[in-house]
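What follows are several structures.
Below are two complexes that have subunit A in common, paired first with subunit B and then with subunit C.
Up next is the complex of A and B:
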């Protein structure tokens, strides 16, 4: 029963986070006048289109201006521009929550739609593919290397790995990405500069997926090098700390084999604090993924975010901010569920 | 023949400052059904002695030497694998210092207590849990606590569970490393009574490690007083408590506060020595009021028998300086 209650509480708190981010974004956009600017821009766009159409029917310039003036007022009213931003806000939030994210001014989806939800849904799998791949590699690396060096702290390998962790932690993703392109794509010509498929994309499914993997290599490598260091180091230090606990020597005194001691008495109880660190590093990880996508023109949401910001497509920016928050909240919830499963101590708190 | 015979046990650690002599030539014996107390200040080598007997050596060990005879067999010569499979927990088990940290926080208490049965005797989980329930009754715990996690138990209950865990394989010897120091006084009394009952009922042989000489006298047949990695006085509890011969033991007993007594407890001047560079000669000489400044400083005294079964490591009794 405690399990269910704990999970409900966690879910509720994350929903609050989601709503809070949404509220904050809309307030910032509203109070700074960006929202007005977006809507005015839309009104002007519409008017320009209508003017051309009307100009064919209404020859008299004065009549035309008068008709346009009336249409403009209608448009202003329909966009809610006659009311202050805080009155428009609830409606805006509701539309975002229901994923009615509006239309993009600048970007169209690969299938030609300019509905933002279409655009995002098309790109979401690409982002997820990149992130999950990196996540799995990081997880495997930290378990294999982190635990291994933790059994021999102070050894040559341990010092080497610690040094790597410091370097990895200090490296900015974008800088590393550019460097990787320079070395592996420009000089060595082993990997492509970016994108997801070669042009033209291969037709055969097998060749196509191999092509995808080939394109995936550099961005994944960049993200792994830039993030695995802290993962490995955190795992290492938590395993070292856990290995010094009394219950570990008791487990040895009980005559258990080193293998059981390592897995059942060191790694298993080390799992909750390791998970905590993953939860805390999640946001930075998402940020790194956005930059990596941009540098490698990986057609995911991160690249879209960059494009939206560069072309000041406010509706798209807002929608993506919300989507990233949503991803964060979902990923975080998955981790929190894992945490509750892994650590019996939080179930009854 | 005694059950356990420890001879010239040594355990040195490597530290950044040099070799730390945590256990430096400790010898004692323990008979069947007997309880030996190892008493001393923090850092006197009590716990390291326990570690050395269980061969739970940390990574920075520089020297590990001596003979440990269990029923006449030298177990210090056994291979790592044999020692693990034949000695640990089967013959010698232990109750650790911290009641809080002796259990893995993510596994159920019952499983952790039963685990040695599954590993050493290949028993199935349901059978082992039945045995654990019985054992819980013996140590005064509700049997259904087997399904609880460590954090759901109070400190006293956790220590009872730790004792049950130590008894699960019917070992010859249980080493109790400050089993009550993390508990408050009333719980401490409960645990001490439990241990006394177990000693009587099961005929258990125990090594009781504590810094509290009064507590040790409550349960121990013999007491070994440790100072700077060595046993300086070893005899029956009565002898050590009522007729202490070593100046350190005398000071230690004088420092016990008493209820309803005007006398202020005494203290021992100075601090315990640094075991990286222990004092020359007798290790207690810098703090000893009887030090002659000659022989005590230069030569290390031998352990001598001052009366029947009463050993003291001091020049005062070696017919030396005075």
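Up next is the complex of A and C:
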């Protein structure tokens, strides 16, 4: 019961976040007239398609124009363009949620469609692939190195990690990516400059997946170097703080083996705060991923942001902002579930 | 608080990290001051984004100091000018004045381009003719260029001035008639028959500054005397300044970009901008966050509830996507970027400050203050604030690098303020022009280093502050 309640509460608050972002973006695009622009673009796209169809049936140009005029009026009414932006806000929010935002002006999906939903959904898996790979590596590193360092605070390795985390906090992920390309792709020529597959992509599935891994190396390495420092450091700090608790001293005094003390009396109670901090660093990590995709021309949604900014495509940017919030909210929720599992206090509160 | 705080402060002084941070900060402040005093405030629009200002610079030239590390020295960029008249004598209906510029070619490379530049030509009656020739180390002569100054309009009164605002620039490398001259020169001097079209292919610079060698040309080292002759109708006619730009492969301290912009200037200008963004954003964020945190924690009740809910939502928004969205919609003005960074920065501080205030609130000295009848505000300002002050200060320092990094990231995505050059924008321009893929490291590495340097300065100071706030960490340092 307690578990369900805790999770429902978390889910509700995350839905509020999503709604807030949707509301904020809709109000902004409404008040600045951008939503009119997007809807007008959709009306025009529709009209163009209808004109081609009608032109086959109606030969007389005047009749055609008149028929089109009427269809245009209907379209304007159906898209709500005859009403002020705040009246059609719910409609607009629904459009964003379902990614029904019409066509992109310049960006085309790999399959040739220029519908925004097609473009985004096609790129989503690529982004998720990159992010999850890095997430797993970071998590493993922070547990392995963070705990080891925490057992010997003040050691050379500990100082090195502290330094590394400080430096990585000040290190823009995207610039690190540039350095990586310069060193590993331009000078050493061991990794590709970017992209996801070689051109032309290999046909054989095994070679193809190896090619993917080869292309994945630099962006993953970049993101791991840039973000793992703080993860390791957070783990280390929390473990050190927990290690100074009285119950740890008592456990040691009882004569428990160092291994049991470490895992049961230090890491176990340290797990919830570690997770909290990881949850908090998720947003920063998401930002780093957007820029890393841009640097490595990784065909995900981050690169799409860059392309949308370059071609001044408001609808695409709107859709991407929503999608990233959605990804973030989902990732948060998954971590919250984990949190509830590791922290019994939440369950029984 | 005071005992802990003073102990902490001595700890802060003792730590090497904080000393390093403070030293770095001093460097940044000095550079920023220097830049503010020597650069005009409208530097971005007046010079940086004005391609004419950089017309004489070589494009994508490496920094000069690269020559310290390579065996085969690169040619340095050179602009030679003169205003003194070397010789002056009447000849028929003309008065002839000559100006001389001597260039000593010592490098093993050819110049990448040659540009002639004339400033401030004045004449009183008919427009004068200007002729430029070069006498090479082997005493041969090449006539490089000849032109007549634009004649006066009917509305003009003598003396007529030309090339005052913008100098007359002649890019010799792009002059078609020079190919014929050089082709003839090669035939006369070396008995070498090369078609004018092929001369253009080889490059004029190689013919002017070289001699045939095996199947190509090699530089002819020595003194080149560029003589400019003014054929004037009036004795008072003159050229203000004659200049010759010898295009180099290396330029200045930091090299140039694809427009020939001196990167060292852009990098210098980035210092005060980064400092400004970092400090303004962090101070504003901290003021808002700390005030709301103290109020939320101390006042409690419905106020607390509202502030906490708002923070909860704000804290859970992924920052970069929303920053991109907002700067994209509201346009890249520096103050807009600052406002947006502040708007989405404060909530994280509120939550922590609130929990610290809650702790302080239950302490006995606050109870004592309440019992003597101190007002709410007085208690918050005099008693609660000092409790959380060190933490707030540390957070303020910690916000600074994230503001600098966020601005750089937005600039890199092409959302920066185009009227103010920043490191992020230099990087963006480099990246978009393929600097990373063509290996123009001097264009993309230094601006990133600057960002890291300025961000790490504040990280170091904040790290030095850590033991002040968290006494548990003290014994390890």
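As a working rule, the second predicted complex is superposed on the first by the 298 of 349 C-alpha atoms of A that agree within 3 Å, B and C clash if a C-alpha of one lies under 4 Å from a C-alpha of the other, contacts with A are read in each partner's own complex, and residues count from 1 in each chain.
Keep in mind that, in the parts below, a residue touches a chain if its C-beta (ideal position, glycine included) is under 8 Å from a C-beta of that chain, and two chains touch if they have at least 3 such contacts.
On a predicted model such as this, the values are computed, not experimentally measured, just so you know.
> Clash or fit: subunit B and subunit C on subunit A?
On the superposed model, which is not a single observed complex, subunit B and subunit C fit side by side.
> Could you work out the angle between subunit B and subunit C as seen from subunit A, using CA centres and rounding to the nearest 10 degrees?
So the angle at the centre of subunit A is 100 degrees.
> After lining up the shared chain so the two structures overlap, which partner does A:318 touch, if you call subunit B first and subunit C second: first, second, both or neither?
second
> Looking only at subunit A, is it subunit B or subunit C that touches more of its residues?
Of the two chains, more subunit A residues are contacted by C.
> Of the partners subunit B and subunit C, which touch A:179 in the superposed model: first, second, both, neither?
second
> Looking at A:140, would you say it contacts subunit B, subunit C, both, or neither? Reply first, second, both or neither.
Neither partner.
> Can you work out, in whole Å, how close the C-alpha atoms of subunit B and subunit C get once everything is superposed?
8
> Hey, which residues of subunit C end up touching subunit A in the complex?
Spelled out, the residues of subunit C in touch with subunit A are 17, 312-313, 316-322, 324-326, 328-329, 348, 401, 405, 408-409, 412-415, 427, 431, 436-437, 439, 441, 444-445, 448, 451-452, 455-456, 458-460, 463, 472-473, 476-477.
> Given the complex with subunit A, which residues does subunit B contribute to the contact?
Touching subunit A: residues 51, 54, 56, 84-85, 87-90, 93-94, 96-98, 101-107, 115-116, 119-120, 149, 151-152, 165 of subunit B.
> Which stretch or stretches of subunit A touch subunit B in the complex?
245-247, 249-257, 260, 264-265, 268-269, 271-272, 342-345, 348
> Applying the document's contact rule, which stretches of subunit A touch subunit C when the two form their complex?
Checking each residue of subunit A against subunit C gives 13-14, 16-17, 20-21, 24-25, 28-29, 32, 34, 153-154, 158, 162, 166-167, 169-172, 174-175, 178-179, 181-182, 186-187, 193, 237, 240-241, 244, 280, 283-284, 286-287, 290-291, 294-295, 305-306, 309-310, 314, 317-318, 320-321, 324-325, 328-329, 332.
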